[in-house]
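Single-structure report; data block below.
By written order: A, B, C, D, E and F. Residues from 1 in each chain.
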Amino acid sequence: MGKIIVPFGSQHIALPEPISFLFETENEIITKVEAHIGYVHRGIEKAAITKFEYTQLPYLTARVCGLCSITHAGAVVHGIEKLMDIEVNKRIDYLRMLVVELDRIHSHLLANGHVAEVVGYENLFMQTFRAREDVMDVLEAITGNRVQYDYQTIGGVARDMDSEIAEFAKKKLKKLKDNVLKVMEFHDSDYTFGLKTKGIGVISKEMAAKYNTAGPVARASGLDTDVRAEFDYLPFEEVGYKMQLRSEGDVWARNMVRFDEILNSIEMCENILNNLPEGEYKVKVKGRPKGEVVVRVEAPRGECFYYLRGSGKKVMDRVRIRVPTYANIPILKELFLGAKYSDAQAIVLSFDPCMSCTAR
Amino acid sequence: MINVILTILAPFFGGIVYGIERVVKARMQRRVGPPLMQPFYDFFKLMDKRPIMIHSLHALMGIMYFIAEWFALGVLLLGNDLLIAVFFHVIAVLSLVVGASSVRSPYSVLGALRELMHMISYEPLMVLMVVALYLVVGSFDIKDILSYDGYPILKLPFVFIAFLLTIPMMLQKSPFDVAEAHQEIIGGPEIEYSGPFYEALYTGKWIEYIYVFTFVFLFGGSHYWLGALLVIFAFLFVNLLDNSTARLDFRRMVKFAWGFLIPMAAFNVILLALFE
Amino acid sequence: MGVLVALNVVVPWIVALIIFLSKKDVVTNVLTFLMLPILIFTAYLAYIQPHPVLVETPKWLDLLITLYDFGLLGYFLYQGIVRKSGLIAILATIQILFLIIVLIMMPHSQTPNIYVDSVTLMFYLIVAIVGVPIAIFATKYMDYGEKGKHSFVAIVVWFLGVMNLAVSVNNIEWFFALFETTTLASYIMIGFRGDKEAINNSNLALWMNQIGGIAILIALMIFIKVNGVYHFSDLLKHPTIISMAALGFLSLSALVKGAQMPFHKWLLGAMVAPTPVSAILHSATMVKIAPYLILRISPIIKGTLLAKLLIIATGYVFVVAAVIALTQNNFKKILAYSTISLLGLMMLAAAVGTPIAVSASLILIIFHAFAKGFLFVEAGVLEKVFHTKYIEQMRRLIEKAPLTLMFIFFGFLNMTFVPFGTFIGKWMMIEEVSNFLQHGSYILLILYVGAGSAFLSILYMKVLGVSVRKAHGIEKISFVKLPKRFNFVSVWYYVWLLAITIFIAPFIADFIVPIAKSIAGEPEIYATGLTLHMYNSTLYFWQIFGALILLLLIHVLPYFVKFKADIVHPYNCGENFPRHMETWNFECLAKYEGYFVAFSIALFIMVVVLGGGLL
Amino acid sequence: MGFFSKFRKKSPWILHYNTGGCNGCDIEILSALAPRYDIERFGMLNRGNPKQADILLVTGPVTKNCKDVLRRLYLEMAEPKVVVAMGACAHGGGIFRNFYHVENGVNNIIPVDVWIPGCAPRVEALIDGMVEAIEIWQQKSKEKEYLRDHEKVIKTLGVEDDG
Amino acid sequence: MLKMFIESFKNLVSEPETIKYPFSPSPEPKGYRGVIHYNEELCIFCDKCENICPPGAIKFVVVDYESGKKEYNYNPYLCIYCGACVRECPKADDGCLVQVEKRMPPLGRSVPKGKELGYFINRIENPKEVEIKWREIEEMNVKSKEEYKAYKRAKRVKKI
Amino acid sequence: MVNPNMQIEEVTLDNVVDKIKEFYDEREWNFITINATDLGGEIQIDWLFSKYRAKNIIKIFRANVSYDAFIPSIVPVIPSAWLAEWELADLFGLDVENATTGVFIAPDGPKAPLRVDTKL
């Protein structure tokens, strides 16, 4: 008695992309969940080994997801460079890192703003997005587009950065930092926001480890995992990377971890801009990718994993993408049981889910 | 006379208030916001849509909501007994709830049930407020209240505060916009309405603005400037609150109303009864 | 007058006897139908007589009643032994003992034993207009696979006579006999189906009501001991010296009969009986004895601590029963809880005791009788024709049983909305009580009324919400053909309710006000045309009429209005997931039910102990 | 054009659906709601509800899993309505052209009125597209636009259920 | 809550931050990756751009097998503006293929034209046909290339 | 060229669950995913793990299986592995224990698209 089946998705205003949960609720308490995650399946992995040559791959994988397009492209580029034994110079590394971190900032701000939106805090959403526009401006100036950067190419980056842009970026980052601190304060201390987020969707450290969560979700539960520290692909430690941890494991902690990382990233970006090494922005490329390689990179949502395999042809043999949301879906499903329907949106979006790469 | 005009033109004035609100809200978010007359543009647009519906009952209830809301306002302004006006408002809620429950859409049904939670939160408080005004003025008659020579607000500060905090419940504003809850149930009771039928609901909401702010106005007694001041204050306060809070759970709303607002108002009334 | 009273009482008995003996369909049907005009006529005749009057009764009747009393209690005792219920047996024994004591103590009194005043006459009318149709309904209802139709109808009809007698007696000892007779009647009717649950519930009803009986006996003893009187009319004559303790016990018996918490279980148990039983228990008879009793004593207790405590206790039940009703999923149970709740309100109004409050109480009694009779009849139709008992089965009722739903809708509207009587009762209460808020119990009262009516409204809307749900695109509704007798009864109630509501102002001013006046003095209510005035508050006719039209449109129009518009599917996130929608069951409130009841016990004890001045 | 239609263009309400794009466009839509661009200036609201929406804003190449949803949403909208396909992949599939699980653009499922180029388009481009869409919308009539096999679609896409 | 309350009030009295586009300009920044412009005179028809283009938004169709003349067809609505073609083009520095800092206007009531956009878009009148026509171009691209190859082979055979 | 950090351990389908159970400590190792590669004629399945708090350590259990092999489920050991397993069933058409198909591929989509012999 009292059963109401509530669908959440695939088209739902709180969701930017198609994913659907079918909740069975009683008095708005969720008693059963069914999840459908395959809406965005387009067949990218197959296309990557039939339709696209390896030189085109960064452009394709960037479109796995628009939010961390840069990490996907970066992962493929890194993998292929390994397979082809290309060494890039420091300047390229630094430029890549700069865009990766800027991307993380914009993605995290978006995620946090979206959480604010779905808990019904429209103004906080607006203020968060207002702050985000600064980093979008920087990204647009550096890469030429607001969302899809297409910045990393095999053996370098697509374009160099001149000092004018660097100055512009520094100025904007400074403003951004002020704004972020302000917005963070709202997230941190707001009472009603706390009511909707604190103690909601709690993941303990044990749970996080058991379900192999990734990224800010794991770090908000105190699980110290971050690919930037676990895998050498770019010299993050050189520019001041520090792992950010929280222990509460709830929606609020996930937001706060993201804010901590934003601040850390801003610092890293400033360091990069101040110490940009001289050099060419691309190096010569020869040969064809051959062999197999695994690549792990830290996307804004957590560990992004690539498995690449080539056999010296133009087209790769296997491109396997495993994205952070893919790793987080199993625990997400567990979290719903016993939660209120009115908290479900915040729980979903605190994971900052990215279905388009989960289903590829 | 003025109340006849106000009643007849209520949708118009309500639309203007709503328009102002949208602009103010946008400004509070550092946006430009829509033009002032936006609600009327929406109104005309909706009238111009090809009507679609789920079934006639549902569509009809939307229209009945509008009529009942208007009628309730008429009773408030043209009748003389405030208490009756409060109970008339329930008819509007009834048609809204029946309409929303009559479609097999989970969001609409949840919205209807949440609307009931709204009612349980604000209705007793409205009764209490009317009784409190009676205690001060000695009459349930709106005309007597409006010609009362004192300052009801001075004697009923807590009742006023309690009512101020119930306005978000009645007007579906954050933190108590649980029945509308855009990101959860996408408008709740109104989700299945479209075109002209939705327009009825939309306009009904405007009338509710007038209905609610009339009650605020009463706290000024015969000092109309004070009443107007209170209305402006309430309007700003409600909007600021709307913009600075997240939506709460409906359970919390009911608890807040019953655990805090009603005792506070009752306390005020008891004090008053003891000293009068 | 004596003849008329006798007619009102005896006609049903004779009819019952004939039905019981003949056991023929034709006889049963014709007689019940005939009873309607006859009883209305006799009640009307009685009503137009000058009143109040006291009617002398022959001496042998006294003796007969006493004998009957012992017979009845003996029967209870016997039932207690047969059914192996020690509680019933013990209570019956106590009653017998107390009765003997009372008889020994009882002084001789010249006061006549029958007292017919306007309240009595009002009840005659209610019984005739509301009660008899239920008997008519029962004649068809019992055709749907129930056994013992004729005896059942006979019991129902007999019971109406008992009720008429009960509201006419003056002698409290007689009243006790009739009180126990109603107990007996409920005992028989609840146990009518004879299965295990029915037996259990009838036992429950029996012992709970016996407590009420004992309370009356104790009250009687105290009255005789302290005041030396045992007639209602004598009590009213010298109100100042009446023993509060006795009144406390009398109220206690009213609370028991009125199924107020914590004694609400017996009325809920009545659910297992055939639905006409519930209808008769809830609307015309039985439970209405409770507010009747309080009305009788309200002039005496008005303003006393007892009255205030009664207000607190019954008001509490008003709210809490409505809250608990939210957690129920059986339609009849929901109705039963709402009865409990509204009985609380009636008693509360009666306990306030000012003229206007008494009027409110009377209005509530009348409207509740009509509406509950109506609703239970519809519940019976649902049960028998549509096999629907639970809320979740009521989903999409509008497609299956549109007409019945319309009647239910109207019944619900009557229970809370403007401009129906229940609303007017509440409105009067609030306005009246606003005048003397100095005492805390009155501010509580306002909260009670505000909250209780809000809870009841959401209760009804919740139930309606489930039943009006309709698949998309269904425009044509198939009307199931219902038996004529069902339709007759439904329409009967419907028309009465509608008529009274339209003419509510004159109805109150010309019918209720005189009654209230005879109890508590002149209330300040009058009507000009169809507009109702109270003090300087006015319920204009355009308001009454407007609200009525609105509500009629809301509950009738959907069957007739068809918009010409395209049909689309309800939004389901664009998916075609299965839909399944019931309604909230407010489960966590159910957790508190125990606490609610426990608190009500505390209030109960307070009423008896503090209010009765036993300390 | 009646009296009411004059006001049509001042109040376009949008419904957004992502049919499998990369979210790049969707986050630009979010940005458009935010203070910097604030499309509420044009009276636009993101209703999230097909019943009350006038503009269906579709992003993505339409995957096979999404196409029925898209069709249902389109059918649930009241005329006059316009469809705006945003981004390269909504036009012929963009980079996802001819993948095995995509339908190569929105126009293969529902009729599109405006295409916005870019990957992802700037918010300014989105606004331009919206302005264009509003112009088209204003000229549209209230008549039902039959979508290929409208009747059949509504039958096969509908839900019959338990009661 | 309180902080935001105050902030909202402050916002109310301060200037909104909105760019009033399209009523006031909001130009693309320097280096914006906009539409691809083509200059046929400089092109050496090496097909590099066609081969790199991820979505296949550049398609050359051989129109005259005799001279080997190719038509540059570019679909700006399919283009993802990645700029790969320009990076690949050997004559890019001369301005054969440039990515300008301008957006393509949306495709609504009419088709925006321009000589530098290639042949495809200039030939289409009805906006709704862009997708269909592009499908034809793609087929023609494959077909013409095969036929051209066959033709050349045949010519080579003839020569021998 | 093989990435030097990959520690590959060949397993068979019969012992893979036991091996993983023996090896896996949820506090030390992060289960990345299950990856399949169609080598043409047979499918190479990798169970990939990475070590927490260490640099560049990746552990791979690798099995080469035929197209119609029955893949045992490791969900009892690693509760979050179901998604990857379902994907194997969906995209490679493998027979995986307790797997639900149709998660990614629509009813009218192709079957086992990631096999090399599925031409799309």
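Everything that follows uses one rule, which is that a residue touches a chain if its C-beta (ideal position, glycine included) is under 8 Å from a C-beta of that chain, and two chains touch if they have at least 3 such contacts.
This structure is a prediction, so every number in the text was calculated from the model and none was measured.
Both chain E and chain F are touched by A, D. The chain with its C-alpha centre at the largest distance from the centre of chain B is F.
Of all chains shown, the one whose average CA position lies nearest the global CA mean is B.
Of all the chains, the one whose CA centre sits at the greatest distance from that of chain A is C.
Averaging Cα coordinates per chain places chain B and chain F 58 Å apart.
With centres taken as mean Cα positions, chain B sits 42 Å from chain A. Look at where the CA atoms of chain C average out and do the same for chain F: the two points lie 71 Å apart. Between chain A and chain D the centroid-to-centroid distance comes to 27 Å (mean Cα coordinates, whole Å).
Along chain E, residues 1, 3-4, 7-8, 16-18, 20, 54, 80-82 each make contact with two or more other chains. The set of chain A residues touching two or more other chains comprises 4-5, 7, 10-14, 28, 38, 41, 43, 46, 59-60, 63, 123-124, 126-127, 130, 145, 148, 190, 192-193. Multi-chain contact residues, meaning those touching two or more other chains, occur in chain D at positions 17, 35-36, 38, 41, 47-51, 63-65, 69, 73, 76, 78, 94-96, 100-101, 119, 122, 144, 161. Screening every pair of chains for touch gives A-B, A-C, A-D, A-E, A-F, B-C, B-D, B-E, C-D, D-E, D-F.
The part of chain F that touches chain A in the complex is made up of residues 1-3, 5-6, 26-27, 30-33, 35, 37-38, 46, 48, 50-56, 58, 60, 78-80, 82-84, 90-91, 102-106, 113-114, 118, 120. Within the complex formed with chain A, the residues of chain C that make contact are 329, 390-392, 572-575, 577-588.
Those residues of chain B that touch chain C in the shared complex are 50-61, 64, 67-68, 71, 74-75, 79-81, 83-84, 87-88, 90-91, 93-95, 97-98, 100-109, 112-113, 116-117, 119-120, 123-128, 131, 134-135, 139-141, 186, 191-192, 194, 262, 266, 269-270, 273-274. Of all the residues in chain B, the ones that touch chain A in their complex are 28-31, 106-107, 109-110, 174-175, 177-178, 181-184, 186, 243-250, 252.
Residues of chain D that touch chain E in their complex: 35-38, 41, 88, 91-97, 105, 107, 111-119, 121-122, 124-125, 127-129, 131-133, 135-136.
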